[in-house]
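The two complexes that follow have chain A in common; it is paired with chain B in the first and with chain C in the second.
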Partner chain A sequence: MKKVLRIASISVFALFFGFPLYWVATMSVKPKVEENPPGIVVWHPESPTLTNFKDVLGINNANDNPFATTDFSALTPLKNSFLAAGGGTLLALLVGIFAAYGIARFRAGGAQLPFQILQLRMFPPAAVVIPLYFMFVYLHLWNTLEGLIIIYGAITFPFVVWLMRSFFQDVPREISEAAIVDGCTQWGAFFKAVLPQVKGGLAATALFVFILNWSDFLIVLVMTQDKWTTAPLFLSTMSGGSGGQEYGHQAALAVLLILPPAILGLSIQKYLVRGLTFGAIKR
Partner chain B sequence: MSSITLQNLSKHFGRLRAVDNLDLEVPHGSFTALLGPSGCGKTTTMNMISGLETPTTGEVLFDERPMSKVAIGDRNVGFVFQNYAIFTHMSVYENLAFGLKSQPRRARADKAEIDRRVKAVAETVGLSAALDRPAARLSVNDLQKVALGRSMIMEPTIFLLDEPFSNLDSAFRAYMRAELKRIQHEVGQTMVYVTHDQVEAMGMADRIAVMDLGRLQQYGSPEDLYERPANTFVARFIGSVLNNFLPARYADGALHVGDGSVAVGDRRDVFERHDSAAGLTATIRPERVRVVDPGSDEATIRAQVTLVEPLGPKDIVHLEHQGTDVRVVVPPDRRPAIGSALGLHFDPAQVHVFDDATGLAVR
Partner chain C sequence: MSSEPLAPNTGPAPRRRAGISRSDKIGALFVLPGQLLMVFIVLFPALVAVYIGFTEWTPINGTTFWHAYKNWHWFSGYTEAFGSGEFWSAVWRTVLITVVCTFVEAVLGFTLAMLLVKDFPGRGLVMVYFLLPMMVVPAVSGFIFQMLFQVDGPINGLLSFIWPGDVTLQWLSDPSLAIWGVMIADIWQWTPLMFLIFLSGLVALPEDQMNAARILGAGFWPQFTRLIIPMMRPILLIAVIIRAMEIFKLFDPIIIMTQGGPGTATQNLSVYFYRLTSVSGRWGYACAVALLVLIALSIAAKQAIKPIERAQNESLEELMGAGAEDVPAERIEDAIDAGARA
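Right after this comes the complex of A and B.
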């Protein structure tokens, strides 16, 4: 009985969260006529097509494209997204990992520092984005890739510190001490003995931060124009124009946006689980 | 081989004196145990010997050479941690080879040499069959062997072991104790062993340093500690059956213990000179108390049996004498009935007397 209830409740939740995904996925392969025909709901595509994807990826030749006047190619925004989100994630990890280890292992900066770092996340991004805009214009970082990477790195840095700090705290200090007794330097012990122990946590943190940066809308809206537009922002500009709502193209780009985090998540799945359960060391 | 000398060694953490003015001499090739309850400073002492902690004051010397300027990696110590500190992302082989591979390039052994030494050590600790297994999948018992092997592979002159067996099940612990003693005998190196288990210390070590509250209480052979405890702490801490403590009083050339008296013989001068204003406590080991007929002249005191703990080869009999619990060890075939009265004979040579004010032995 308990089992039946559990399966039933899980099914309801799965349906609730799964259906929008299903709708987006099917929409992305529907031809234009099936997208939103008046008075009918098309539950599944009658004649699936990859046209939307080809348009969005810019590999349709102009003759086949009925909307040749509008540029649906999201190639540049996708590339921008990868560069900005990836760069921001790397920057946050690079700085955050060392900060986290210093805090976890050496109590660097005193007891208050972790909270001071977390405090950076206490205000909504909307509150800082206007001053940041002026600052970045002044610094000639507005509408540049470097600017985006710096902001993304700075904004996700507190998450890296907090997540990695707890992973480092779970590594017994004897692990690094053992490496040092064996002749490693403090740095050697960190890279050879400690960091590999938190591989799972590191993967989970990287994924988490990447998703945050990847799905950003507000910052890129304010801090860039055309040239460094990222994919989420581009997605929002795909409505309107002569064609009205471009549901098919929007859905295709949405699917493309879901894929990288999903693939990353699946490929590091074993680390995600390990990240939660690691610690084969008897304490 | 190296000797270890600790001179006025202290370590303070804020106001806490973890180790307070410790002087200790660990000779070449000896097996020395640092014994004490948790929080007595034994692990801190160990960490200062290895270099993981810097002493607040005092000096650690190996072979009379001060170590304060010598980096941890250059002290040539092998360290076995209580929680093993095994690198779980590596195989057993990689764990054993880690120290050799972490040496500076010019001093590093070549691949064949590393391989030879890893296999030799694996053989010694009994891991030859498990070399390729990931360390994350080892049993607790095998993790301990890896930790031991990893400390041996650098061929250190000093082995430091911090409660290495406290997480093992008791059967394997007994096995590893014997193994370690055998390995120590084989390599002949100086070993310092931290433990809170006096049975472990008594059974393995040549010399035991008993510590409490950061201070050295007594340093000597297991026999010394058992037969001639320097103070009440050692008298209470050493011995598998809790020692007997009885209020005592010296008067008129005899030591009065409970309602009996013990001849003092040639210790008379000591007692005469001793200012016993604070009162005295006499101890006698439960194993050394002789059970006699309650009516006999040999009985120092008489007591009622309250409880019997059968342990197999021997019984611990608890008796009550003037409100004090007295323990006696008897063979199972002499097990008395509860409630019966026994006479207890105290051999004067086995009775140790301590001053209640200082806790020190009256000698």
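Right after this comes the complex of A and C.
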């Protein structure tokens, strides 16, 4: 009896959490007529098709492809997403790893520095981008890849510091001291002795930051236009020639947007809890 | 530099010598690039925001922000904010969304974690299944729920099965429903995070104490309220803080589902900032309001970060042990007594 109840409750949860994903996945393979017909709900695709994906990726040049005529498929936004998220991740890591080590090993910047850094993540980006917007316009960084990368790097930097700090703290102090005794400089000890100890954590941090940047919508909404639009923003502005909703096409792009973080996220499942809690819960 | 150590046990500190030691210098070098980045992206814009906040500047008429002083108006932006109904309603809406979503996500997440804590074949796969919503780009989850909440959409369709007649709720265009639509989307996406954090805590519960309580006949409820909850407390706290602080910033799904509307029905602070600049073009006022909120938040953030910082220096077991520090012996006996009485 207890077991039945348990399985029943798990099933209710499964339905609630699974259904939205089922809906977007099936929507992406629905032909136009099944997308959102007035008055009826098409629960499962009657004649599944890959047209939506081909259209969105600009592979399909048929006349009924709304994105063939505008010469603007989701390909460019997807590429922009990869470039901006990747660049932002590199910047955040480059700056963040050193800061994390300095804080963990030397308590550099005093006890307040980690606080100040994490505080950055608590501020609503919607407020922070207001002065950044006209500052970037003035510096000619607005609507550029460099501009996006700088903001992405800066916004995910606190995350790198806190997560990497927790990994560095796990490395015994003796390891770097031994390397120094063996004739390494502090820098040499960091690169040759300490960094290899946190390889796993470093990889997980990198993937985390990439996912965070990949998921951005607000920054790119304020900081770019057309040319450097990334995929999430493109998704929200997609509409057909008639200006109506393009559920099928949007769902296809949605699926393409979900896949990279889902795959990356599951590959670092071991570090998920630690990452999501800024290194507070080590699991 | 502050002399008060906020983290009492951050491991052995480097030995301090008189004056600036070599290792201090190296440490400073390590953090320097990060500090420069913060100056560029935080300090500099913050100063600019303070300046613009004293003006009624807008870029629309072509003046650069250097010349904002021409529309100088001191504190009128700030006084306007304090008297603005729209601002306060955005504040309360943000608080409402934060409180409701955090609470529901914590309860659902905890329930699901309790349901899945015992091992069974295929548990790994079930776990992955429940983690998926969290991996969805928030803007995409907004789009998904926009589809689901259409009047002809599947949610009304599902409701029509269990409710007599056709359900035609205007989820996203009815002012009283829209905010719930937005919250449901957030709950769907982020309950998995709570679930994952709680599950890792539940799995790490000290077995012997749990077993002792069980063998000695403590029922589920005494075990739950007197052992599990107290030990999980630090983890609950961290999860709630982290979620609350994210929900406070909520933006992407709202913009996609409702643009803050209908009217201002789903306009939280983030959406309010966005609309002030991109719709009303009131940049000076937006800076003033943003600064007010940031000042309030930095006070809150200081308190919120403490438990996270404390936890970073401890293993999960130590963390949970600390939660149960004043608990163990008597609490277990209590639990057992209660179980025996039942």
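As a convention for this text, the second predicted complex is superposed on the first by the 234 of 283 C-alpha atoms of A that agree within 3 Å, B and C clash if a C-alpha of one lies under 4 Å from a C-alpha of the other, contacts with A are read in each partner's own complex, and residues count from 1 in each chain.
Keep this in mind: a residue touches a chain if its C-beta (ideal position, glycine included) is under 8 Å from a C-beta of that chain, and two chains touch if they have at least 3 such contacts.
None of the values given here were measured: they were computed from a predicted structure.
Contacts of A:137 after superposition on the shared chain: chain C is touched, whereas chain B is not. Legend: residue contacts after superposition of the two complexes on their common chain; A:199 is shown touching chain B, with no touch to chain C.
In the superposition on chain A, contact of A:178 is made with chain B only, not with chain C.
Counting the residues of chain A that each partner touches, chain B and chain C differ, and the larger count belongs to C.
In the superposed model, A:82 lies in contact with neither chain B nor chain C.
The interface of chain A with chain B overlaps its interface with chain C at residues 278, 280-283. Across the interface of their complex, chain C is touched by residues 6, 9-10, 13-14, 16-21, 23-24, 27, 36-41, 43, 94-96, 98-99, 101-103, 105-128, 130-135, 137-138, 150-151, 153-155, 157, 161-162, 165-166, 169, 173, 186, 211, 214-215, 217-218, 221-222, 232-233, 235-236, 247, 250-251, 254, 257-258, 261-262, 265-266, 269, 272-273, 276-283 of chain A. Contact residues of chain C toward chain A in the complex are 1-2, 4-7, 10-14, 23-24, 26-31, 33-35, 37-38, 40-42, 44-46, 48-49, 52, 59, 64-65, 108, 111-112, 115-116, 126, 128-145, 147-148, 150, 152-154, 157, 188, 191-193, 196-197, 200-201, 204, 235, 238-239, 242, 245, 248-249, 251-252, 255-256, 269-271, 273-274, 277-278, 283, 286-287, 290, 293-294, 297-298, 300-302, 304-305, 307-309, 311-313, 315-316, 319. Those residues of chain A that touch chain B in the complex are listed here as 172, 174-175, 177-185, 188, 192-193, 196-197, 199, 278, 280-283.
Residues 50, 52, 72-73, 77-79, 81-90, 98-99, 102-104, 135-136, 140, 143, 150, 154, 167 of chain B are the ones touching chain A in the complex.
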